[in-house]
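First up is the structure itself, then whatever we jot down about it.
Chain lettering (A, B and C) follows the sequence in which the chains are written, and residue indices restart at 1 in each chain.
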Amino acid sequence: MAKPFRETLKTKGFIVTAEAAPVKGSNMSKPIENIELLKDKVDALNVTDNQSSVMRYPSLGTCLLIKERGGEAVLQITCRDRNRLAIQGDLLFAWSRGIGNVLCLTGDSIDVGDHKEAKPVFDLDSVQLIHLVHTLNSGKDMAGNDLDGGIDFCIGTTATPSADPLEPQLVKVGKKLEAGVSFIQTQAVYELDELKRFVEFVRKKDAKVKVLAGIVPAIGAKMAEYMNENVPGIFVPQYIIDELAQAPKGKGVSKGIEIAARMIRQVKEEKICDGVHIMFIGREEKVPEILKSAGLL
Amino acid sequence: MAFCCEHSAYSAADLAGRLALHCPENLRVIPVPCAGRVDTLHILKAFEKGAAAVLVLGCEEGACHHLTGNTRAKERVKHSEVLLKEIGGNGRYVAMSNLSPNAPHKFVKIIDEMNEKIKKSGEVR
Amino acid sequence: MIIAERKPMEEIKQVIAPYKKVLLAGCGTCVTVCWSGGEKEVGILASQLRLARGTEGKDHAILEATVERQCEKEMAEELRSKVAEVDAVLSLACGIGVQTMAEIFEEKPIFPALNTTFLGMPEKEGVWVEMCGACGDCFLDRTGSVCPIVRCAKGLLNGPCGGTRKGGKCEIDPQKDCAWVLIYRRLEKQGRLDLMQKYYPPKNFRAVKRPGKIQAIKA
């Protein structure tokens, strides 16, 4: 049985989490493979919620699988697909089945996904969602009714340290910190100075929250350019694109992993933040290699 | 049907007449104070009245007597093409040309070229 | 004002195809201003349809008429005699005008020639942008008068989201500004950033119970 993430956050020096993508369908063999591969190598495993607005098996479903197999899961909830009633219901259900960590996100827009004609919900935003979990944690629902059987989630959220302009994003992060979160898993960072600046800002407002730097290996110059253009919140700087472009043909993935591992080592050695959150969607089987190269295995 | 600006095309047409230059019989000339006076609706109405082609003829670019009339006319002719395309084109031609008042040969050339186009599409009226 | 744009020609042709005599009814207010359904646009569409249907060899008539405001029953009523002459009406008003016509002329098929799109204003000549969501619970006092409901693609009250593009552009469209960046800059200019730093609880989406109905009292 994995250690509850809440405890890990309090006690462990350098925290490592990773992300596993759910399947588009009901065939659980690949998710199970990924879970088995990663569950004992990381402190917690996130499952995305219709990431990039692409319809998939729900985060909650895969989280239950992780739990069944002895791992520690982080449920991701976005505000795009569910209204406040559905979200509260989902949280009650998740808790009742032993899921104890939730990451609160706004959610990518419908337009970037594969169901472009769907109606976006956004009944809540991510800050309101954080408040909502606290409300449920306190034994009441959003309408003020008492709950028969409460919950006690460990709450986390995201942030984009490389946003441009940065100031409005920091106002938002400030509100999230005031609402109260135990951990922040950032969007992909490539510039460690940006990360340092971000952590400094966070520390001033909340000395206890754990910041985990988002690591998304860019596996080629073209891929990096594609991500810059099409994936919300990702900005791969030019010098990294150049470094990737110099990799010999067929070595794009290894180069991306090398760069990612290098960043992780630096973050750890310089104690820039409290850990890392590795997102290698579609190539989860490569995550152990990253961890090894970074000296974490 | 040719909408002719009085400061340029109409004078050219007049000169062509005086020089007895041959002009096709199916041509109707409508004088206007400026090419810019021609509205998209006028062009469409011309087709409703049975025109096979509509020409809007104004002053040389940069030399519009009313400064921007010929530029506006150019945009309207483009827009008319879009509107005609929406309902299938069907061999209805509209075009804008620029010429100076003392260019009777150019005037005739423009008319002849459009006539060729109409004949080719088999819709002489 | 209400912004609408003309439906694709194919759709319009298809919807009036079964009818020999059609009245094109324009509106002199919002759709005139946004160049989609005023007297001029009625004239152009009527001309196009006559040319199109003429080629198709059918014996039809297209009538034209425009009233000042098609959403007012008394004004729409002015079209009664013309409506009596035709088999169907193609309304170039916004959805409200179309429905008003349908209420008054219940026995006549009334079709929309436009798609009503949003409440907006001209950003510059010929470019209309959405500005108001008619949410019934105006939030503009708290955002330096930039509407977060419709100008933010996700309608966030505590924005921005993490997807803002470089330079402060919206996640969904690099040509559009991130509303929350606009809000930040506006409030910063006025020294009122404290408004953006406040937490705003979830929106009351039932401030206007839809379908909306209001009883006003004339002063």
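Keep in mind that, in the parts below, a residue touches a chain if its C-beta (ideal position, glycine included) is under 8 Å from a C-beta of that chain, and two chains touch if they have at least 3 such contacts.
Being a predicted model, the structure only gives us computed values, none of them experimental.
Which chain wins if you rank chains by how close their C-alpha centre is to the centre of all protein C-alpha atoms?
Of all chains shown, the one whose C-alpha centroid lies nearest the global centroid is C.
What chain is the most remote from chain A, judged by the mean position of CA atoms in each chain?
B
So, what's the distance in Å between the C-alpha centres of chain C and chain A?
Once rounded, the distance between the two centres reads 40 Å.
Based only on mean CA positions, could you tell me how far chain A sits from chain B in angstrom?
65
Averaging over Cα atoms per chain, report the distance between chain B and chain C in Å.
37
Going by the touch rule set out above, which residues of chain C reach two or more other chains?
Nothing qualifies.
So which bits of chain A are touching at least two other chains?
none
Going by the contact rule set out above, which residues of chain C touch chain B in the complex?
Contact set of chain C toward chain B: 9, 13, 40, 43-44, 47-52, 54-55.
Flag every residue of chain A that touches chain C in the complex, lowest number first.
Result: residues 79-80, 84, 105-109, 111-112, 120, 122-128, 131-132, 142, 158-160, 163-165, 167-169, 171-172, 174-175, 178-179, 187, 232-233, 235 of chain A touch chain C.
Please name which positions on chain C make contact with chain A in the complex.
Spelled out, the residues of chain C in touch with chain A are 153-168, 171-172, 178, 180-181, 183-184, 193, 196-197, 199-203, 205.
In the complex, go through chain B and note every residue touching chain C.
So the residues of chain B in touch with chain C come to 40-41, 44-45, 47-48, 83-84, 86-88, 90, 92.
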